[in-house]
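Each of the next two complexes has chain A plus one more chain, namely chain B in the first and chain C in the second.
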Partner chain A sequence: MIGDRIEKPVYVFLAVFGVIAPMVFPAYVQQIAMLWIMIVFALTWDTMGGQMGYNSLGNIFFFGAGMYIAAVCQIWPWYDVGEYTDPSGILNTSFTPDQYFLGLGLGVVLAALGSVVLAAIFGLIVFGLRGPYFAIGTLGLAIAAGELIGAWDWVGGGGGIRLPVFPSGTDADPLFRLPFGDLQSADLQGVFFYWTCFVLAVLTFLFLRWLYRTRFGLMLNAIRDDEAKAEALGVRTQLYKTVAWSISAFFLGISGALFGNIIGFMEPLEVAFPTVTFGIFMVLMALLGGKGTLWGPVIGATLFHIIKEVTWTHLLGWQWVVLGLLIVVTVVFFQQGIVGWLQEKRPEWFGIEVDRGTAGQRADAETADALEAARDAAGDVAGDAAR
Partner chain B sequence: MSTLIEVDNVSKSFGGVVANNAIGLGVEEGSITGLIGPNGSGKTTLFNSIVGFHPIDSGSIRFEGVEISKMRVPQIARLGMLRTFQQTRIFRKLNCVENMHAALSHREGTFRSMFTHKSGEAEERAEGLLDFVGLYQKRKLRAGDLSFGQQKLLEFAMALMNEPKVLLLDEPTAGINPTLINGLIDRLRLANERFGVTLFVIEHNMRVIMNLAEHIYCLAHGELLADGPPDALQNDQRVIDAYLGAH
Partner chain C sequence: MASQKPAAPARTGFLSPAWLKSSGDGWTLLLMIALVCVVLVLISGQAQNNLTILQVAWQQNIQLLLDGLFIGAIFALAAYGLALVWGVMNVKNLCQGEYVIMGGYIAYYLYDIGIHPFVGLPVAIVFMFGFGWAIYVLVIRRVIDRDLFTSLLATFGIAIVLQQGLNLIFGPEVQTARSGLPTATVTLGGGAFTFAWIKLTAFLMCGALALAVVIFMKRSRMGQAIRATAQDARAARVMGIDTDRVYAFTYSLNAAICGAAGVLIAMIWVIQPFYGITHSIRSFVIVTAAGFGNLPGVITAGLGLGVAEQYSGFVLGADFQQATVVGMLLLVLIWRQIIENKHRRVVE
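After this line comes the complex of A and B, so read on.
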C-alpha cells in the first residue's frame, strides 16, 4: 500500500515546509497562512460532504459565527461592545498586549465552543432534510445569518467591526519575538497568525485522521452509502450527523476567529459569511482533490489556492472566469477528484482490492459439516412434503 | 415457547388504499414463521409497520411484551428486531468486512463507544460470519462490486453480526439463482438453530417457504386469509384461490 510507504516522507516534508516557510518566503506569509485556512475549509467540509454524503453549502456559517463570537470576546471584557462598534462613536480604544492576547485566547476558545453549540441547535432542523434540500437549507442558514448580523447594530450591523490592533513589536513578549529579530508590528502579526493557522491545520488534519479510523468514521461512511440501512441496523443517525457537523463547526469557528484577526476588519456579507466565495471554494477544493478521502481535500486546497493566487496576480480581470471554468470542469467532468481518480486507476496503492475472480470459502470443516447436516435435513423435509 | 412478536388488530391505509386491515398474528420465540400472499396483499407493509418504518393507523404491536408501535426504526432495531430489504441494501463503497463492522449492534450506545477502534474480536466474528455465508474470499472487496446474490448473502451476514433476537426477511431468495437458494435456506435454518435467531420470512417461492417455516400466515387484499402449518395451508382452498385468482 503506497500510503504506508510515502506517508512518513510527506509528513516530514509538510512539517519542515510549514516551519521554515515564514522565514524562507517572508513576502508570502499571509498567502501561506491562507493556504492553511483553506486546507481547514476543505477538510471540514469533506467530513460532511465527502465522508457522510451531506453536501452542505452553509458550512461557512460557522466561519462567520466564530469570527463574530471571537470579536465580541476580544472587545467585551474591556469595552462596551455597542459603543465600540458604533460608527459615529469617538471611543478611543487601545489594548495592552495582555488584554489583546487574553481576549484573543478567550475568543478562539469560545468561537470553537459557540460554533459547536450552534451546530447542535441547527442540526436539529437541517438534518431533517436530504440531498439537494439539505444543500439549499444550509445555504439559507448562512445567507440568513449574514443578513441578520447586518441588521444587528450591537455588533456593528452592516458596517462591521474593526478588530483590536495587534500589539506593536516592542510591547510583545520577548520570548515570542526571539526567532524573528526586530520585526515590525505588521510583520509580527503576520508571523503570529501564520503559526496559529499552521497549528490549526495540523490539529484538524491529525484529528480527522484519527476520527476516520474509529467506528465513528465507519458510521459516517455507512450513512453516506445508505442511511435507511444504517437506521435499520439501529444506528443513531441523528446523533452521528450532529456530532460530525459539530466537529466541522469546531474547527471552522477557530478558523473564523483567526481570519478576522488577520484581516483586522470584518463585516457580515463579504468577510464573515462569504457564501459565494469561501462557501463555494470549500466545496470545490474537496471535490477537486477527491471527496471522501483524507488527503483529497489537502491536495485540492493546495492546488486551488495556488491557481487562485496565480490568476489573481497574473490574470487580473480574468480570475473569476478561470475559477468559474475550474468549477464547471470539476463538477461536470471530474467529480471523483484527483485522489478518487487515482483510487480508480491504481486501487492497489490504496489497499483497495478488486475482484480477480476468486471464489470459494475458507476451509472450515465444522461449517461444512453443519451445512451438510442442514442440507440433509432440508432434503428430508422436502421428501416428506413430496410424499 | 413464548410469543416474541404480537401483532394485534393492526390497520394501515395509504390514502384510500387499505394495505393492512385489522391484522393479528404472532411469531413464537425460536420459530421460523412464514408470511405469504399474492403481490400487493400487504406483506411488506406489515413488515414496515412492525419495524417502525411508518406509523400504523390503529392496533398494537408488541415485541417481548413491550409496545413498539410508536417507536422509530433505530430504536426498535436496538431492541433486537432487525429487517432485511426486498431490494438489497448494503454500504456500497465499504468492503465486506467494513460492512460487517458497521452492522455491529448499537445497543450499549455510550458516547465513548462511538469513537472506539475496531476490535480484534469483532474482526474475528465478522470473518467467521462472512465465511458462514460463503463470502470469506471476497471479504476485502467493495460490497458494491459484489453480485446481487452475494449482496443478499452479505446483508444476511450483517444482520447476524448485529445479534438480533428476531430477523424479518423480506423475500430472501428473490433474484438469487436456484443453486444458491439451497445454500441460503441451509444458512437460514442454521442461523435459527445455532444462533437462536427467530425468523419471520416473506417469501414467494412456495418450495422454499413450505420447507423452511413451521407456521405460515397468508395475507390477501390486506387481510389475514389463513394460517397454519405448511401442509395444512398448502391444501387450504382459500389460499389456492387467492393465488390463482378464483372468485
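After this line comes the complex of A and C, so read on.
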C-alpha cells in the first residue's frame, strides 16, 4: 500500500516546508498563511460534507462568528465597544503589547468556544433538515447572520471594525527578541500570524486524522451512508451530527479570529460572512481534492490556492466568472475529485481490495435497461424523500 | 390494532385552515413568529416610531399593502417557475434569481437604447427561453439524475457566473427601466398615498402571464407531457414521451417565466447584478411553504411574502428587508421540520 510508504516522507516534507517557508519566501508569507487557512476551511467542510454527508453551504457562519467574537474580546477589556466602533472615529485608541496579546489570546479562545456554542444551538434547528434543505438552510443562516450584524451598530454595523494594530517591534517585549531578528512591525505581524495559522492547520489535520480512525469517524460514515438505518441501529445521530458540526465550528472560529487580525479590518458582508467567496471556496476545494478522504481537502485546497494566487490578478475582473465555471465543471465532470479519481484508477495504492467477482457480475448487468430502471427507481426514491 | 391512529393527513399547503385547526405546532410557530416580531419592535425605538406613524397616518398602510401585493405577485410568478422545475425534474434551481435579474437587464438594456420596456417583455421571454435551453443542454442534463446536492451546487455555480458576468457588463449600480406611465397621489381622509399606474399594469401583466402558463399546462400537448412526466417519468417514457425534451422544455419555460418576472421587476422596482440571490431565496421560501402543484398556495405565499417584506422594510428599516427574507426562509424550514416530525409521530 503506497499510502503507508509515502506517508512519512510527505509529513516530513510538509513540516520542513511549513517551517522554512517564511524564511525562504519572505515576500509570500501572507499568501502561504492563507494557504493554511484554506486547508482548515476544506478540512472542516469535509468533516460535514464528505464524512457525514451533510453538505453545508453556510459553514462560513462560524468563520464570521469567530471573527466578531474575537474582535469584541480584543476591544472590550480596554475600551467601550460601541464608542470604539463609532464610524466618526472620535476615540483615539492604542494598545500596549500586553493588552494586544492578552486580548488576542482571549479572543481566539472565546471565538473557538463561542462557535461551538453557536453550532450546538443552531444544530437543533438545521439538523432536522435533510439533503438540499440542509444546504439551503445553512446558506440562509450565513446570509442572515451577515445581514443582521450589518444592522447592529454596537459592532460597527455595515461599516465594520478596525482591529487593534499589531504592536510595533520597538517595544522591549521579550517576544520580539525571539527568532525573528529585527523585523519591522508589518513583517513581524506577518510572521506571527503565519506561525499561528500553520499551527492551526497542523492541529486541525492531526485531530481529524485521529478522529476519522476512531469509532466516532465510523459513526459519521454510517450517518452518511444511511441515516435511517444508523438511527435504527441505535446510533444517536442528532448527537453525533451536532458534535461533528461543533468540531468544524471550533476550528473555523479560530481561523476567523486569526484572519480578521491578518487583514486588520472587518465588515460583515465581504470579510466576515463571504458566502459566495470563502463559503463556496471551501466546498469547491474539498470536492476538487476528493471529498470523504483525509488528504483530498488538503490537496484540493493547495491546488486551488496556488491556481487562484497565480491566475487571479491576470484575469482582470473575470476571476469570479472563472470561479463559477470552475464550480460547474468540477461538479458536473469531476465530482469524485483528485483523490477519488486516484482511488478508482489505482485502488491498490490505497489498500482497497476490489472484488473482481462482483465487478464481473456488475458488468453483466450493465445493460441499458437495467441501468435505466435503476436510475428511475433511484430517482423515485429521491423524489419521495424530497417531498 | 387499537392504538393505530388515523392515517397522516394529506400534504397541505401554507395557510390551509384545515391544517392549522388540526395542529398545535402551527399555532406554536405563529406564536413564535409573533414573539420574534414583538421583541424586534421592543428593542428598536425607531421601529416604535414607525409603528406610530402607521397608526396615525393610516393611509401608509394602504401604500404598503398595495406595494406588497403588486411586488408579491411577481415573486409568486418566479416561484411558480421554480415549483415547475422542482416538481417535474427534481432540480433545485439556485440560479432562479439570476434569471430574474437577467430578464430585468434585458429590459434595462432595451430601455437604455430607447425601446420601451413593454417591448422588452416578449424579447426577454424568447431570449431567456433559448438561454434556459442552452443551460439545460450544457449543464442540467448532466446533473439531473445525480444526487440532489450536485444540482444545487451546479446551479449555484451558474448563479455566480451570471451575477459576475452581469456585473462586468452593466456595472454594480442599481438600475431601473422607466415605463413613463404616470404616478397619481391619492388623497384619502386627510392623508395621502401614491399610486403608480405601472405597478397596476405590471400586476395585470403578471396575472395574464400566469394564466397563460396555467392554460398551457392544462391544454397543450407539451403541457400534458410535462404533467405526465412529473407524475411518473418512467411510465411517461413507456408511453412514448421524450422525457429529455420535456425536461429541456420545462427548464427553458422556467427561465422564460423568470425573464418575464425580471422585466416586471425592472419596471416597478430596481435591479442590480447581486440582487439575484435574494430572489432565489424568495422563490425557495414560497415553494417550500406552498408545496408543488399548489397554485393557490404559491399565489397566497407570494403575496404574503411581498406584504411582509414591505412592512418589515418600513417598520424595521430598509437594512432589515433582506434579513426578513432570509429569516422567513429559516422559519419556513423550521415549519417544514415540525410538519415532518408530526408526520413521523403519526406514522409511528
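The rule is simple: the second predicted complex is superposed on the first by the 347 of 387 C-alpha atoms of A that agree within 3 Å, B and C clash if a C-alpha of one lies under 4 Å from a C-alpha of the other, contacts with A are read in each partner's own complex, and residues count from 1 in each chain.
Throughout what follows, a contact is a pair of C-beta atoms (placed from the backbone, for glycine too) under 8 Å apart; a residue touches a chain by one contact, two chains touch by 3 or more.
Only a predicted model underlies this, so the values are computations on that prediction, with no experimental measurement involved.
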{"item": "Touched partner set for A:Val331, first chain B, second chain C, both or neither", "value": "second"}
{"item": "Contacts of A:Thr237 with chain B and chain C, given as first, second, both or neither", "value": "first"}
{"item": "Partner chain(s) touched by A:Val10 [first = chain B, second = chain C, both, neither]", "value": "neither"}
{"item": "Touched partner set for A:Gly131, first chain B, second chain C, both or neither", "value": "second"}
{"item": "Where chain A meets both chain C and chain B, residue numbers", "value": "375, 378, 382"}
{"item": "Complex interface listing, chain C residues touching chain A", "value": "11, 90, 92, 94, 139, 142-143, 145-150, 152-154, 156-162, 164-165, 167-168, 233-234, 277, 281, 284, 288, 292, 317, 319-320, 322-323, 326-327, 329-330, 333-334, 336-337, 340-341"}
{"item": "Complex contact set, residues of chain A against chain B", "value": "211, 213-216, 218-219, 221-222, 224-226, 228-237, 239-240, 243, 292, 352-355, 358-362, 364, 367, 370-371, 374-375, 377-378, 381-382, 385"}
{"item": "Contacting residues of chain A [partner chain C, same complex]", "value": "55, 57, 125-126, 128-129, 131-133, 135-137, 140-141, 143-144, 147-148, 150-151, 158, 276, 280, 283, 287, 317-318, 320-321, 323-328, 331-333, 335, 373, 375-376, 378-380, 382-383, 386-387"}
{"item": "Complex contact set, residues of chain B against chain A", "value": "51, 72-75, 77-78, 82-83, 85, 89-95, 98, 101-107, 109, 113-118, 127, 131-132, 134, 136-138, 140-142, 145, 158, 162, 182-183, 185-187, 189-190, 193-194, 207, 210-211, 230-231"}
